[in-house]
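Note that the chains are named A, B, C and D in the order they appear, and that numbering of residues resets to 1 at the start of each chain.
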């Protein structure tokens, strides 16, 4: 019953791969998704229709403007850019007009801030679809997720007469940094959803394997820390400075040495640190992008509170001011058994799938958990599965590359799920 | 015999103050100097006529391009920008046509990377000449030096018939970071110079005071350090990362704790640190701008070698690659007694000068020492004096401001020096 | 069939508690065990009969001498001290003379280096059996383990006519630091053992609960690191020093910030750091006691290699010499199902036991795993169980205290196990 | 007029060298001084006659007891030990009975905590007078100072009939750590003193050179810092610990990176750090011995306040308790011109002295400045001179050794000073 050629999925994926955009700046990407969906005949919501600005965090106005200008310069349709406005993301709402459940599927738009490998052995280089945006790369698989999402959109159109109920295809911005899910949830778009599903390619699971219900989604908080000190001439009056960079370096080392926890897994990272103004000036400011994670909310909060105390101590040590802001969050979640069984049953029937596994340790965070919590809170059921893919290098590494054959496996899993949930019987 | 109104000096200084440009990007500033000099009737050299590109260090191509574009956008004459080319700096060469000594005076063009105070009590805010360039500020007094230099240029024109010999007014780029002097020296422009002089406003010396020959100019080396590690997903595979930011933070703390030296003064600063790519990625790169100083070359070299060893150790600890590059240098110097006596004698005769002091501890670095060394190497004589000025805050602080009345004192000192050296008798 | 009063176990435990001795210095403790065993009629081996000196690590000659002298001063029988010699530890070998399996049980002798709480609410203070040795405390439960071991010894004597085979009661020194098991294994005492069992009180498991086969015993390596630099007068010639303490502090922070691992649990601790010679001397030496752990041997080796590289980097940074020595080790292990089932079955029949649990995450290390590996290597079967006990504070904390009622539970579990394995039928 | 053989001075020095004792534990040393002085016929005060216990700091009761016991074991006369009591130090009070000024000279008793070199090329090893006390060494020259002091004592006796006035020979304990001067001053022994003098061997000044009045005695404060956290099992419950050692390591690095000061010299050292209880316990305590210095009291106070703030910040970061205690102090001082001239005049007349220098930068601290301040406060005059000596290695290094020929030069300088001040004319 599949209606799409595997090559079409691959082509879409490569187009997304070649033009990666980081969270909240996915203007060209959102526009490409909208245009493709609308060319299939879908109705598409975007901008504040799917994003509640009150809940947007980690939004860089200058980066947004630059990206809008770049999209325009790259020939993106100005009408569509106007519809998107200042908030990326979109959703196709496919209503069969026949009574039935509401199903939401979610795909992510954004890339990571990694410089893509220039090795000639790196397939995107060989096949000429490597990132055109220096410092940015789809090194997490979201390009593949979007390709699958478009494939599903096409399948819906091709089967519109056989289906009941309603499907919402959510193309979420800013998953990296776990920022986009909350404002999408707060737009209300999930509030009538009965079934929610999403999947992730890779995750150290080999090709031709499906994991139906990974465990150990880590709760996480994303925190920006900013130290403000006092500049001084480093030669003449070093004693008059208040060294914000020294405070930030000590904080970094204090955070990296947060203790592990006897009750479960922890993670901490200082992903970005920018400090100082000039070589011969005692640095008067420094900014840090921090994240903590824990196997559950208790452990995550322990990490957060310890991290905050350490930053406060370093600020005291160096007599500088500290400001902190929470920039993103994800929670842990419990999959619904009914959905897990359904995914396992579907997966076992997919010819290309050789192994079906009930669970694994995810050991990462995904703000899909925020969407899932919203759906579960009114009685909906949710699934999060992993579509195995041999990888050339781990997620977020510059030589990351997926096994493109698995796009069709993912497409099949999603479409079979819709068939089971919505096929008119 | 003065021919300029104090107010003119102040106006020039304020124009420079309002549009600060950092080292190697002083396009609008250089253009303003050239236009003013040429409007007086001076012949002006610029670009590669005064800068030998082979010796340029700490040059940021992107910043240069942005600054050229900004200058154009701000209405700077494109013909002048064309003459300047890619290398800022200029020199008026004033030849009387009469036999006599060659005298060079040096003034600096660049600002520091400090955000100017927005306090309403800050005079540049009150009087409406605060920096229009966010993050940049003339917080070292170079704006005043240039104003004095233009005043001297006017005086030369007004006294052209009474003078012998030749005067070169050097407007040097990139003194901060001690980068501009070496390529200016290597242009050959100083190779016929018999007397060299320059001065600095402020330096913790009160208004109406002249220090004829400060001591303890610190030898210094400016070093860029760059660490290259390996990115990895901070949640799923933190153990696969090679954390370049952690290496940089440890290096920073190890540098800040370089020992003091039993034989003389030392300084060290990590002025800028940028590291990491994204919040949830183990940071794969980090860059640092470092400087060390010593009371003499031996101590400075001790500091340099210790600093390099520490960075190498941190690179080993975190299994990351280290690259370093020397970006600037200044040396210590011995003033010529003949010039010191001359400066003291002149200063005592200036009505506004209440105190004349032979020496002080400079405790800083200035690449004028590189120019001086060049002049002294062929038998020329050199002076470096301090023009006292009450300051609102120390050099490189955001509330730094000079006592503008001292501009005229500086102007008088320079012009009297020329009169003593070059007046036809 | 129990033959001992619960109060006897408690009394023994309190005697051990009042006189704690750290690893390899348990002279008074070993003597007390020997005397008690021999008073029951047991044959006891000690010194090099149970310890192979070639495999002894983490042995402090001075501490050993001090402890021998202290034991003598405290009135311990000199003849027994002579038998013990320089190596603590002993074993009762109980041979029924009748054919049957050989069973080994293991109990630990040593305390931890923790200062016991002086709070009046702390039971050992109230009941007057707190540690008489400042800085040392049975804060891990080994006092209780020994009491159980003596109870089992009494039971054996009371049932000598009904039993087959042979029982070896091993009283192992230096479990803390996982140093004592290897030299005990290398004495050969386990090489005819068919069944091995040991247990641990507490471990965050509540009273009246038995866990039959905990998982996640962490592989661990104990490493001593020593830095040798160069002393210098901190006022006159600080630049001549090579600061070993600075190297050790950086190493400490670098070790504490070892990354977590995507594939399983990790631990790292710098438990002791001693550095420097005098306040006004640049420190020329520093010693550290370090441990790393990993959920399996691969992860543990990753931690070890990263730790070593970091120490080497810090040594390079500060131009000091590094020496390292491995001081102890423990491995992970797989319990034998046959033994697990037996323990569960016995535990279910103990009246005081309310909950029997198959497994838990141990999250710690115990060098019993080294003994177990030895037994399993020739086909023997092994069990390691947890005897739950409500605790006043966690292990190694100064207010740690066990629920003494659980001593009898532990005694019952061990003796029932012997009954099942050795009762003449 | 000299009355002592140079060889006698050398023998005394070697006896002191062979048995070094650290501050407040100089029992054998004090006893040797007392016995020698009394054998010459001097009256000697000791214990609380010269030390005011209320002002004693940095006193380790256990070390005192051990040293008393060791002195007894080494055969030191018990009667003399009884007279000394618990406070080391003594003073010969030599009263001519004739009217005249009161002169005080000061010599130090204590060694430093440095392990003496075992190189066969090290003279004390070759000549068999190396330290018999492991970890302790006269590596600062105090052994030579005492030898000179005894020589002066002999000279006084030999010239008792020719002299006027009174001489007090102070043998001060605990100069290292600048602890002994304050309680000696507070005993009142200096309150009638008209002239005070002391000297130091070495200080990077070559043999046969006298420096009459060194400058840049650094003000200093000696601070003990103690962190108290919470122990926990490093494997099972690392998150429950409060890591006092981590706080101490961060404090150490933060102190070592205290900024230099634009107005003058600074020093900082963390000379000793002891932390932690056991390898597998999160460290619950750590102690540090810290010193800061500054070219003047203002700079020293700046360093002290910054150091305290940093320690407080680190305590906050790691949620541990901080206690600090000031353990010693020295001040800067201004020599009296009259005394300086006198020293220079005497030095020029000593045959073995080739160079006489008015001043030098001392760059260190000596609590003689506390004694001097006491004398100057009631109008007395003071001198502190340096007796040059070629050194085998710098002060406080394990291969430190003096040129013993300079002992006689020092002796001559002191005795000539007494002759000039006290000779009956």
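Going forward, a contact is a pair of C-beta atoms (placed from the backbone, for glycine too) under 8 Å apart; a residue touches a chain by one contact, two chains touch by 3 or more.
Which protein is which chain? UniProt says A, B, C, D = Amidohydrolase.
All values reported here derive from a predicted model rather than from experimental measurement.
Comparing the CA-atom centres of all chains against that of chain B, the greatest distance is found for C.
When the C-beta pairs in contact are tallied for C-D and for B-D, the bigger tally goes to C-D. Remark: chain B and chain D have CA centroids separated by 47 Å (rounded to whole angstrom).
Residues of chain A in contact with at least two other chains: 204, 236-238, 240, 243, 246, 250, 253, 256-257, 260, 262, 267, 282, 363. Against chain D, the residues of chain B that register as touching in their complex are 204, 253, 256-257, 260, 262, 265-267, 363.
Listing the residues of chain C that touch chain D in their complex gives 22, 112-115, 135, 140, 176-177, 203-204, 218, 220, 222, 230-238, 240, 243, 245-246, 248-250, 252-253, 256, 267, 269-284, 286, 289-291, 293, 327-328, 362-365, 394-398.
Note for the complex: chain B touches chain C at residues 236-241, 243, 246, 250, 253-254, 257, 259-263, 282, 302, 309-310, 312-319.
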